[in-house]
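Common to both upcoming complexes is chain A, partnered first by chain B, then by chain C.
Our next item is the complex of A and B:
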């Protein structure tokens, strides 16, 4: 299926290198969600997804960055968040996306939970090279 | 940089209010501080007020479950109060049901649950 690329607004970048940066990544997500005028529930879902993904970037990816932007297609507005790291990558994506699976100390809900909370979810990973996760939350 | 969340003591109960945007280390510190204070003061109840928390992610959710379990082992009941509706909806979608964690809509009702437990416990002795 071909999806038309949405128009992308100004891209804001947050480095994710410390636990404080995870908090800043959440704040960036919140600011974009408010600017996009997402509903309160959708704002909460997006910021929660951002928190999970930012933590993954730090803990499993060894740090990386968040690029966030407002996007717009023919019908609606949205917030797009892209988390990138140059970490070890994910050998078994299906396993990593299943509930309860965790290689760390979490509950294993980070990736699978973020996928449920977002409207669009895209994961690209190469073992030994890194992982990029993109989520979009659209206005309804 | 990580901070300490202040823990207030009201009678036999401990009260923490999660106000700021907590980083993971602060969350871990709170878990340990609460367990230590439950023992130090012989607290019978712990109230965690999340009225001001805009989100509860899996890390904080796990912290709430852990505090409830640890407190129970130390003979104290935990009540989480003030969850926002959007937070509740998001937690369920995230896959966290917070089983084993007592909740109340607000601080007053949370304290009432603990008072009832305390009086039931006293009557049973």
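Our next item is the complex of A and C:
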């Protein structure tokens, strides 16, 4: 699961510290998706993935930040969103990515769902140091 | 004003911090100064506030300032300035409500310096002291104005947020025995709580057997929103009512599938009309059944 290194446009950053920031993160994702001219379905998928990941950053990572940018490779344009926290990290990534499992009170579909909603998905985590999740949605 | 040899440095230094001359100027040349002040302010506000209103507001403030200056000197945070601060707070509140910017609010005070400038043409030591005294006063009171402006705006924003929460969650009667909840905007825990309470109460009050939750206006359905919806439906079921979720647009349907959310045996429909038709058919069936039982 590696994310290719495309050309990156201007990076926008949103702090995620309160539940209002989850809404702002979602708006940032929506604005980028519109600018990238993603289809309505892809816009909705990206915004929903952003919502899940932002909430994870807040609830499980204890807060962090989102940086988003328009990206471009040889063939297509896309939106890249990177969620970073300095939280406890994820001890068992495979378990965390399995459907229906949650260490909290959610449905256990957020992380695995976000992976299905995005085109590219990259998760790096170190126990005790934090988690970084990067997703890209490409135009088709 | 005295001309002559001009003031020495020491003389100025002695007069700094003294408000006597300022008070003198503000009292003896009251009409001139107040008029110049009001003119500057009305120019910057460019007719967005009526001249009469501005006249009254600033004259009141002017009188309070003179009074405070006489009794309390330049100590703008002291008790003698209570009246001035109250008037400024009121002014800030009004400006915030009318949609002015903080700078446009603070200028009401700083413009007093511009007004005084016009009266000081010979630049004597007394005049310099008066100007500096006023400058010190307006700086401090200006800060206060900006602070009260920000506080008023915060208050407006938080009350709007509350109003919005109320506004955006109406429960409407669609038909005999069918109520509807059109949801618009983000569905978070606080909203869900309000929606659920209102919905359940309305079910009891109207004796309805069907409730339709319409999510046409919800921009994205993520796992949290879905979880809130499911809880609401389950709560309604416990009360013997049947819930239908309508307004599932194509992009939302695809997203829900990709996320892996299962709505189980909850009835979902694309449009509110479909949901209403379903609810009516179900109540007709129910009615037919009860007629059958009676026969």
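Assorted remarks:
Rule of thumb we're sticking to: the second predicted complex is superposed on the first by the 136 of 140 C-alpha atoms of A that agree within 3 Å, B and C clash if a C-alpha of one lies under 4 Å from a C-alpha of the other, contacts with A are read in each partner's own complex, and residues count from 1 in each chain.
Assume a contact is a pair of C-beta atoms (placed from the backbone, for glycine too) under 8 Å apart; a residue touches a chain by one contact, two chains touch by 3 or more.
In this text the structure is predicted, and so the values were computed from the model without any measurement.
In the overlay built on the shared chain, the residue A:134 is in contact with neither chain B nor chain C.
In the superposition on chain A, A:19 makes contact with both chain B and chain C. Contacts of A:99 after superposition: both chain B and chain C are touched. Of the two partner chains placed around the shared chain by superposition, chain B and chain C are both touched by A:112. Once chain A of one complex is fitted onto chain A of the other, the partner contacts of A:43 extend to both chain B and chain C.
Comparing which residues of chain A touch chain B with which touch chain C, the overlap comprises 19, 23, 26, 30, 40-41, 43-45, 47-48, 51-52, 55, 99, 106-107, 109-110, 112-113, 116-117. On the chain A side of its complex with chain C, the touching residues are 19, 23, 26, 30, 40-41, 43-45, 47-48, 51-52, 55, 99, 106-107, 109-110, 112-113, 116-117. On the chain A side of its complex with chain B, the touching residues are 19-20, 22-23, 26-27, 30, 40-41, 43-45, 47-48, 51-52, 55, 99, 106-107, 109-110, 112-113, 116-117. Considering their complex, residues 1-2, 21-25, 54-59, 61-62, 84-87, 89-90, 93-96 of chain B touch chain A. Residues of chain C that touch chain A in their complex: 186, 188, 219-224, 226-227, 250-252, 254-255, 258-261.
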